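Dropping the structures in below, format is structure tokens.
In the two complexes below, chain A is the common chain; its partner is chain B in one and chain C in the other.
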Partner chain A sequence: MDTALIPEGVKRDPLWKFVLKLGPVVAVLIWGVVAMLLCWIKGLNQTNMNDYYGFALWIWADLAVIALGGGAFFTGLLKYIIGKEELKNIINFAVLVGFICYSSALLILAIDIGQPLRGWFIFWHANVHSMLTEVAFCLSCYFGVLTIEYLPLILENRQLDRVPFIHNLSHNMHEIMAVFAATGAFLSFFHQGSLGGVAGVLFGRPFAFREGLFIWPWTFFLFTWSAAACGPCFTIMLLKITEKITGKKLVKDDVVRLLAKIAGWMLFTYIIAKIIDTWYWAAVTAPSKGFGLMEFYSNNGFYGIWILILEVVVGGVIPALILITAKGRSNPKTLTLAVVLAVIGVSVNRWAMVLQVMAVPVMSFDQWALYYPSWQEVATTLLPVAYGIILIALSHRYLPVWPQERELNPVEATAGPVSAEAAPGAESEEETSAEPEPAPAQA
Partner chain B sequence: MFPFNFEWIWDMSHVVFMGGLWFALTILGLGMTYCVIKAVIDTAKGKGAHHEEH
Partner chain C sequence: MKQERPKKFGMVIDLDKCTGCGACLVACMSENNVPFKPDESDKLTSITWMRVYQLNNGKPYPETDICYLPRPCQHCEGDHGHSPCVSVCPATATDYGMETGIVSQIYTRCFGCRYCMAACPYHARYFNWWDPVWPDGMEKYLNPSVSVRMRGVVEKCSFCYHRYQTAKDKAIYQFAEGERDSTDLEEDEYQTACTQACPAGAIIFGDLNNPSHRVHQIAQPDEKHAGRPKNPKAFRLLERLGTNPKVYYLSSRDWVRRAGDNYLEGEGKLKRH
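Our next item is the complex of A and B:
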């Protein structure tokens, strides 16, 4: 039915099967939309946020997806600026993942601000002394960059590409993509950093407060560093999941191993810096504010020292050691384990820097303030996950995301596009178009 | 946002913050304008027309 839209030379499920598989995901999406509408219509009383938790589950989700979406800017930097040409075979997917992450972050912020109709105030009435203003500027602009990077992929859809103007437009955008990628790397450096800076400048919250360089606390640099290290790990993790679901190899091992090696060394150097930062904070910074290390990890029902071990050792040291060794990243199982652990590690880091910061008592009469999200918060946090799955599925089906797919999964040549409906038999389970595909203007 | 807004002050913070924003937006805007204009010219010259024949 939709064979004409499917990239040439690849196999896809019949449309009915594709729609059926997405059914449960669409149900989650609808659940999230209902919760979102409740938050917009009835207000933020639908959440469990309170005077302790002005930042809650949504801001953790925001920081986590922004860190995990860092694979787009870092892979773009490696490909377009540093010249790692091999990464052209995974850059499309990295951009897609980044686009999903950043559009999700903006969606969550649109719910979190309570009155999205006033969202433009942050631009028009900007508080130029706030790191969050810088985050809002860079986030919005970088989403523009990701849209520009994703757009040529849409324009290269088999049918759209036949229109000469659209073909020329996508070709021209590829030609100057390095300019957009450089702008994206610049914007990412600052907004990833400023998100860390927001926590680091909280001098009234010794759990988060850090010293630093000029106006930037060390968390500024650690956040950017961790995003550059763990973003590519998230891209590899989603690639592995996509390959598992589709039952196909989509990117060659040498490309994945190269990205994993670079991410591994970034993670290794990051985790050394993180350990030094944690030691200095525990030994010097926090005591100077009147706190001992274990006061941040005791006398409560949730935040034990395990969270620090999970973040630094399990989610940092172990994946870094796996990824920097050729043997570790060559084994598919240990590679997958490492990227999953790295994703958990950076997510736990963001959780600690957003939610544990709020939970730790700072006054002598204070107690630990634990927080449980409402179902509306959970549903709206799962909403971007469902949206992301749908967008990846649609892009995989209709767009030339994978430059190496035809080579890795050759399809028997036929006279023309053959759909399951038109020619049941050998291709009965999948829609196929075996016409040779014209080479993209630039991968 | 703009120097003609009532809350605008000519200080370093405004110049750095808003200058950075407009700098980034200008690069993106000029880049896309270049792509669109070049695509119009290329199309007028008949480039990419062979793709209709697939």
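Our next item is the complex of A and C:
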């Protein structure tokens, strides 16, 4: 039924099957929307946040998706600025993942603020001293950049591309994409860093506070670094999941290995910096405020030293060592393990820098505060996940996301440029658009 | 006499006098239209601009000793007005008053991101998780000088700033009428509700920059060291963090003074209480 919209020369599920597969995801989406409306209509009393946990699951989700969405800016930087041309075969997907992550972050922020209708105050009454102000400006601008980067892909839909104006527009947008990639990298450096700064500047919270360079605490640089390292890992992880679900190889191994190698070295250098930062904080910064390291990890029911080990060793050192070795990234299993561990590592880091900061008592007579999210918080956090799955599915089905797909998954072409809906192949299990000419390579 | 220096309003709370009666809490809530819930058992969502902590020395009977510690907003100055909360607020909804030293909260500008709450180590900031609901008839008893706050914004102790404004207005009027020599306020012309309500006289309020005010005389702020008290019995909460608060505490008991900050194992005998 929708064959005319499917990219040329690739196989896709019949529409009924596609819709059926997305059914459970749509159900989660609706559940999330209901929770979101409850939060907007009834207020944040729908959450389990409290005056000790003013920042909780949502802020963690924001920080995590922005870090994981870092694959877009870093892959763009590598492809357009540094000139790693091979990455053109994964850049579309990286941009798509980045777009999903950043739009999700903005949505979660819109739910998270107590007075959503006043959200624009952050721009209107901007406090230049606040890291959150910088985050808001750069994040919004970068979302604009991601939209511009994603737009040509939409315009290259088979039907849209037939319109000469749209065809020329998308072509010309590709031509100047390096400008947007550079802008995106610049903006990302600042907002990823500022998100690190959000915690790092809290000099009233010794668990979060870091010294630094000028106005930037070390977490500023660590967050950017880790996003550049783990963002591509997330892109690779989602690629592997997409390949598993579609049953197809979508990107050649050499492309994935190149990205994995670069991400690996970024992760390796990041984790060295992180260890130095942790050591300095534990040995100098925190003691100067009267805190020993283990005070942050004891006398409570959840936050043990395991969380630091999980973040730094399991989610940092191990995946870095796997990814920097040719053997490690050549083996599909260890490669997948490494990217999953890296994603876990950066997510745990963001968790600690948000929720553990809130949990640790600062006044000597205060107590640890623990928290678990309400179903509304969980549902609204899963909402972007469901939305992301749907957007990836729609993009995969209707947009030329994968430049190497036809080469890797050749389709037996019927003779001549037959309308796919009229072709016999359209009635088979997988819908096929059978025009044999190659699509323009994605820039 | 005209005071040249800007004012720096602050508080001294004598913990040896505090009995933990809670009169300061009640006076604060009443004065500032602080909302409350039908069920106040979950203190993590209660709004208590002034909160009284109970500390103990951790020793078994008969050496047990307790201390009540009232905790209003500490109105931190930080480094030149960069208090923990003021510097992080993205919408400039909280501000450090250079003329008064009071950290304000602009309810109509706050959009409820709660970053200031994350920044405050004293838990002096509270979020309105619900819209305020007053028992029937109680609206008539609300203070007309203090705006009530809506759901979704942060609020905190203002050192009863509306009282300062009222006193200042009165002084300006009297000055214009020739009834006084200057618009400067006398110590007793501006006092917070908690100060006046304390039956033990444990809370003292005034201008830390004014040598004739009792808070200055008792705390003896050392300006060369960011206001650190020279009085050996005085201390500030979490002095080591550099928040530079304007609430000073007094106690003759060593363990109480030590409870005001954190120390490493080797730095003192008394740790957490």
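Note that in this section the second predicted complex is superposed on the first by the 425 of 443 C-alpha atoms of A that agree within 3 Å, B and C clash if a C-alpha of one lies under 4 Å from a C-alpha of the other, contacts with A are read in each partner's own complex, and residues count from 1 in each chain.
The rule is simple: a contact is a pair of C-beta atoms (placed from the backbone, for glycine too) under 8 Å apart; a residue touches a chain by one contact, two chains touch by 3 or more.
Remember, predicted model here, so these are calculated numbers, not experimental data.
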First (chain B), second (chain C), both or neither touched by A:129 = both
Checklist line | Partner chain in contact with A:377 - chain B first, chain C second, else both or neither | finding: neither
Which of the two partners, first being chain B and second being chain C, lies in contact with A:358: first, second, both, or neither? second
Requested in this report: Could you tell me if A:141 is touching chain B, chain C, both of them or neither one (first, second, both, neither)?
Outcome: first
* To do: Determine, under the contact definition given at the top, whether A:162 touches first (chain B), second (chain C), both, or neither.
  => first
**Message:** Going by the contact rule set out at the top, does A:187 touch chain B (first), chain C (second), both, or neither?
**Reply:** first
Counting residues of chain A touched by each of chain B and chain C, the higher count belongs to C
Q.
Looking at A:172, would you say it contacts chain B, chain C, both, or neither? Reply first, second, both or neither.
A. first
Exercise for the section: Answer with first, second, both or neither: which of chain B and chain C does A:149 touch in the superposed model? Expected result: neither
Check: chain A residues flagged as touching chain B and also chain C 124-126, 129, 133
In their shared complex, chain B is touched by residues of chain A numbered 123-126, 128-129, 133-134, 137-138, 141, 144-145, 148, 161-165, 167-169, 171-173, 176, 179-180, 183, 186-187, 190, 435, 438
Within the complex, chain A is touched by chain B residues 1, 5, 7, 13-14, 16-18, 20-21, 24-25, 27-28, 31-32, 34-36, 38-40, 42-43, 46-49, 51-52, 54
Chain C partner, complex, touching residues on chain A are 43-45, 49-55, 112-116, 118-119, 121-122, 124-127, 129-133, 136, 198, 201-206, 287-292, 357-358, 362-366, 369
So, in the complex, the side of chain C touching chain A is made of residues 42, 44-46, 53, 55, 69, 78, 82, 84, 87-93, 109-115, 117-123, 125-131, 150-154, 237-238, 240-243, 258-265, 267, 271-273
